[in-house]
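After this come two complexes, each holding subunit A, first together with subunit B and then together with subunit C.
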Partner chain A sequence: MDDDVGARHTPAEVDATFRTLRRVAVGYFVVFLLAVAAFPVLSLTSDWWSEARLVGGMSPGFLVAAFGLYLFFAVLGVAVARLMSAVEHRMLDDTRDDGFSAADEPPGDLP
Partner chain B sequence: MTGPSALTLAAVLVLLTVVAVVMRPRGASTVDFYLAGQRVGIATNAWAICGDYFSAASFLGVAAAVYATGLDGAWYAVGFAAGFVPVLLFVAAPLRRFGEFSIPDFLGRRLGSEKVRLVAVGVVQLVILSYLVPQAVGSGITWELLVGSGILGLSPYATGILVSTAVVTGLVAFGGMRGTTWTQAVQFLLLLGALVWLAATVLGEGFHYGDAVSDLSTAPLVNPADDGVLATEQNALHPGDAAVFGQPGARYGGLGQFALIVTLAMGTAGLPHVMNRYFTSPTGAAARTTTVWVLCLAGLFYSLAVMLGTAAREIVPTAVADHPWLAELTVDGVLLVPEHALPVLGRIYGGDAGLGVVAAGALIAVMSTIAGLLLAAAASWGHDVYERHINPRATQRQAVLAGRITTLLTACAAACLGLALRPETFVAATPSIVATMVTWAFAVAGSALTPVFLLAIWWPRTTARGAVSGMLTGMAVAVGMLAAGLFADGGLLRDALVTPTLVAAPLAAAVTVLVSLRTTPPPDVEKSWLIMHGTAADRHAERLARLVVAENRRRRGARRTRRARG
Partner chain C sequence: MRGGSRLLAGVLVAAWAAVYLVTQVLVAPPLGVLPTLASGLVVSTVVVLGYPSALRGPRGGSLGGPAGRSWRPARRPQDPRGVRDGLTIAAAGRSMPLRNGLTPDAARRTAQLIRPLLGGDAIAITDTEQVLAFVGPGSDHHHVGGTLQTRVSRLALGKKRTVVVHARDGIGCPEPGCPLRTAVVAPLAVADRVVGTLKVYRVHDEPAPRVLVDDMASMLSLHLELAEMDRERHLASDAKLDALRAQINPHFLFNILNTIASKSRTDPEESRELLLRLSDFFRYAVRQDGHFAEFSQEYFFVRTYVSLEQARFGDRLRVRYDLDPQVLTSRVPVLVIQPIVENAVKHGIADSVTGGTVHLRARVDPLTRTTSIRVSDDGAGMAPEVLDRLLAGQRPGDTDPRHSGVGLWNISQRLDSLFGDRYSFDVASTPGKGTTVDLRIPLR
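Entry: the complex of A and B
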């Protein structure tokens, strides 16, 4: 544990950030869960979902399982990562006084 | 084995060995051996996580599951990819910021309890072993198809298991996390290259994805039964109807689809070899960005795997006439072992060299995942048990040696279990034995570790007793349901039993919460919260990195000036 790094934020600042991030994470998780659960529900309730022919002769269900859900996960991932970083930046990093730009790329000695 | 196949395989092994030797740990410290000095960049770590995660189940298993069950097989791909969404939302950044060696180490320190650490080690070892065995099976299958003969009187299947396990164990024991990071990154790029090559070749030869799905969906789906004769798959969603390739129901009912995805999605956050990679990121923000990269790469990888499973179903029956070697691998144009789908496609379009490329890809997938699992086993045995309990005064060199010895022992155990299994005996019971066995590991991880892990990160009231009770409940329920599922006939009950996370994870979470509310949380929760959910650690690491970069630039400038003068 990096014990020496916790002193720069107050517990109240971190707690407020933590609660906001938790709301964001739970909200996006519900969206994720609904999207995943929609597939079996549509399979059971809609003939169109399994039998219609759309792009290239694939059914809507096959298109979603073959491409759509991966695209959805990627878009959701980009959106939530940007939002979480923005929340941390506004609620924690804007309060700091070391003059370091939070927009800088995280470091690493490898590409 | 033919010349091109042998050359391909030898070239891959030599490349990986060179990478492991060049990138071996520079020092003898445990931080270097287990965490690559915590300085792995975003792209490298994303590639390495993909190399770690895309195992035989992803490379051979997803295509095999789609080949055998059509759309229902694609659920494996969706579930494997979906797993990184919860990781991104709940785990990546706080886990890295807390900064430990392993999941047991994280839980032990966060909850201030050695008992939590030891129980977590037990669960982690069960997950690792459940995950290692299907990798061993995958390497046996690939060797059988690629080489076709054994050494020292062993069968090809047994030889494949022993050779791949021995090679990876050597690379891991020698290279540690630093060498393994780079070999996994290279392995992923080779694996993706093999998949892209095969997909491009198949499409270039005139394969039309949509038309194939449409054609395959006009007739009932058939697969070899126990007696070796083709049997029609029954539709689980509409009992009495035959299953069709392009529609759901060949394997799972409505609950089964959802339960499989939940099992795979929740399991990823509890996989020790994947989570350990997050400790190697320089900051929490870097860990989060790394996960976004992984989500994008996973989407590309799995959509190609689903397409190639479809291509194999469409192409193999018509190829039997022109390729006599397919006769012994098929019954009326349907493969006996679905995991042969990709290697067979490779051989149809690329001859022996094509088979070599795909089989090398499969072995790479197996080896990179085995490497990650062995490192995770080494970290939990070597750091959490040896350093903390057996020899607390161990020197860094002794601790690293303990890690290396445990990689050998874990690898031997997995190889022995893999040798005891024969994949063809499971064809009638599962769409892909490799993918199914990996699902068991996801089920245990998602039921026992993920709920406790998430609560420890996001609920400050979590206590050590609550965590221990939750982990034991999740593990017992998951293992019990999986065992009961082996004897269940089918239908809704079997669907629920073989993908137990939907039941076991909420139970584990409920037990953790109830017991935690009746016990006292650790005294330093506030301090843990500042570290996990604050960004001070990130800023500290960023500032250090900037100083190092500036110092390196200054030294390079000074050297250039000296050379110019001299």
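Entry: the complex of A and C
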């Protein structure tokens, strides 16, 4: 017999979790899109972006293309993964502070 | 400013500093003013919108502990010397430690604070039994925690009025080498009840001004009265929460147990699951001992309740949750959402033959720092007179127990005591079309 009854969820709960996760995904995708699109926009519209010198004689655009974007992708990826995981945990699991589920309780114990 | 707001302000300042460094200091030529401001605004917007996210993770000590008391007025920081330069009576009144009750620690800090104001060499504060604080000459034998030694204290407590002593003998201290010569002893009272004394001693023959000591004793008495009122207010708030806990409808338990009994032969697995959910439901209701909980915990309570009701109503009860990810970590008053959902099921869906849908929607507005929660149903709705009584704050149970609404009334009272006027709680209903309850509370 399957004792892991705590892992069962109603369709409404799963549906709500899916829609919240979808909202997170769309939100982060928009952030990703804006950040990536900002690079060519800045290159076309701002001389400062490609002509100024920041560190080691490199322009802000070069620095962003060489390092910044990769750092941004990494941070964004970690952030979205953590957020998704936290949302799923909070929406489907028992998040009470005692972390105690009735399914784990030995028979005969009072709450 | 609360901790969260302070952190957000700090992050914003750091973001602007980083923008300034990158666009103005480390780069040649610096970026123009308008593009710099635009960059700063973009970064600020991202920070403000991204701050209240689930990335903050679980917070420590959420239930019952410090968070449960966090809404109480914060204590003001105390100067370790007890005295600040240029301290006025008004300033002392505002920062009076006795506002938290007549305790030894509060009495000691109060004595240190008011000693320079009253012109006394030694100050003592007592309750009716013992010395709570003694500051100044004579503290070697007027021990804190000891019983009242001086005759003059017992006289002031007995007569319930201020006593002035002009000679050493009048003080009645049993210690022969006591340096104290004059005393003014004023009773501290809460309503008509004397709860202690304020004693101002001098080591020379001129006693402290009686009017000044009287006024200070009156002020301290007022603070003690306020402390008493605070305590009563907290007790009332706790009692309201207890009432809500105790209000779990016996019919709900009866119906669920019947449902479980009927399924136990045909579907023992589901029966077992329902029993575990019922156990979770009662455990949550009983174990909540603070006033606030993370939204995700309240959500757990709501979906446990709804899943139990769905076992009874079957397809007639449909539910739709619509939650912002940011709202999951916000803190909301405990046992507020579930009674609203229960009302929607009991009065909206249960009476409808075709059933209906309960919609729970929760959002966080990071700009106004508000959490908004909406529970709506497309069920039977409420008659205008029932709604009017509810909105007027009247307990409608007197006339129609079925639409008692005591849960809503209780919630409204608790929100009043937790948030004052910084919340909104609106109920709108159309007979035959359903009811919508809107709750907006400050983001915590």
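Just so we're on the same page, the second predicted complex is superposed on the first by the 87 of 111 C-alpha atoms of A that agree within 3 Å, B and C clash if a C-alpha of one lies under 4 Å from a C-alpha of the other, contacts with A are read in each partner's own complex, and residues count from 1 in each chain.
Basically, a residue touches a chain if its C-beta (ideal position, glycine included) is under 8 Å from a C-beta of that chain, and two chains touch if they have at least 3 such contacts.
Here the structure is a predicted model, which means the values were calculated and not measured.
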*Report for A:L44: first if it touches subunit B alone, second if subunit C alone, otherwise both or neither.*
first
_Contacts for A:R23 in the overlay, against subunit B (first) and subunit C (second): which applies, first, second, both or neither?_
second
_Let me test your reading of the model: by the given contact rule, A:L83 touches which partner, first (subunit B), second (subunit C), both or neither?_
second
*Report for A:Y70: first if it touches subunit B alone, second if subunit C alone, otherwise both or neither.*
first
_In the superposition, subunit B vs subunit C on subunit A residues touched_ = B
*asked:* Just checking: does A:F62 make contact with subunit B only, subunit C only, both, or neither of them? Give me first, second, both or neither.
replied: first
_Going by the contact rule set out at the top, does A:A12 touch subunit B (first), subunit C (second), both, or neither?_
second
_For A:A52 in the superposed arrangement: first (subunit B), second (subunit C), both or neither?_
second
*Between subunit B and subunit C, which residues of subunit A are contacted by each of them?*
1-2, 5-6, 8, 13, 15, 53, 55, 96, 98, 100, 111
*Report the residues of subunit B in contact with subunit A in the complex, numbered from low to high.*
39-45, 71, 74-75, 77-78, 81-82, 84-86, 88-90, 93, 97-100, 109, 208-211, 213-214, 217, 237, 246-249, 254-255, 257-258, 261-262, 265, 281-283, 285-286, 288-289, 291-292, 295-296, 298-300, 302-303, 306-307, 458, 526-531, 533-543, 545-546, 548-549
_Contact footprint of subunit C on subunit A as seen in their complex_ = 1-2, 5-6, 8, 10, 12-13, 15-16, 19-20, 23-24, 31, 46, 48, 52-55, 60, 79, 82-83, 86-87, 90-91, 94-98, 100-103, 105, 111
*Spell out the part of subunit A that touches subunit B in their complex, as residue ranges.*
1-9, 11, 13-15, 17-18, 21-22, 25, 28-29, 32, 36-37, 39-41, 43-44, 50-51, 53, 55-59, 61-62, 65-67, 69-71, 73-74, 76-78, 80-81, 84-85, 88, 92-93, 96, 98, 100, 104, 106-111
*asked:* Applying the document's contact rule, which stretches of subunit C touch subunit A when the two form their complex?
replied: 22, 26-32, 35, 46, 53-55, 57-58, 62-63, 269, 272-273, 276-277, 279-280, 282-284, 286-287, 294, 296-297, 299-300, 303, 306-307, 310, 318-325, 328-329
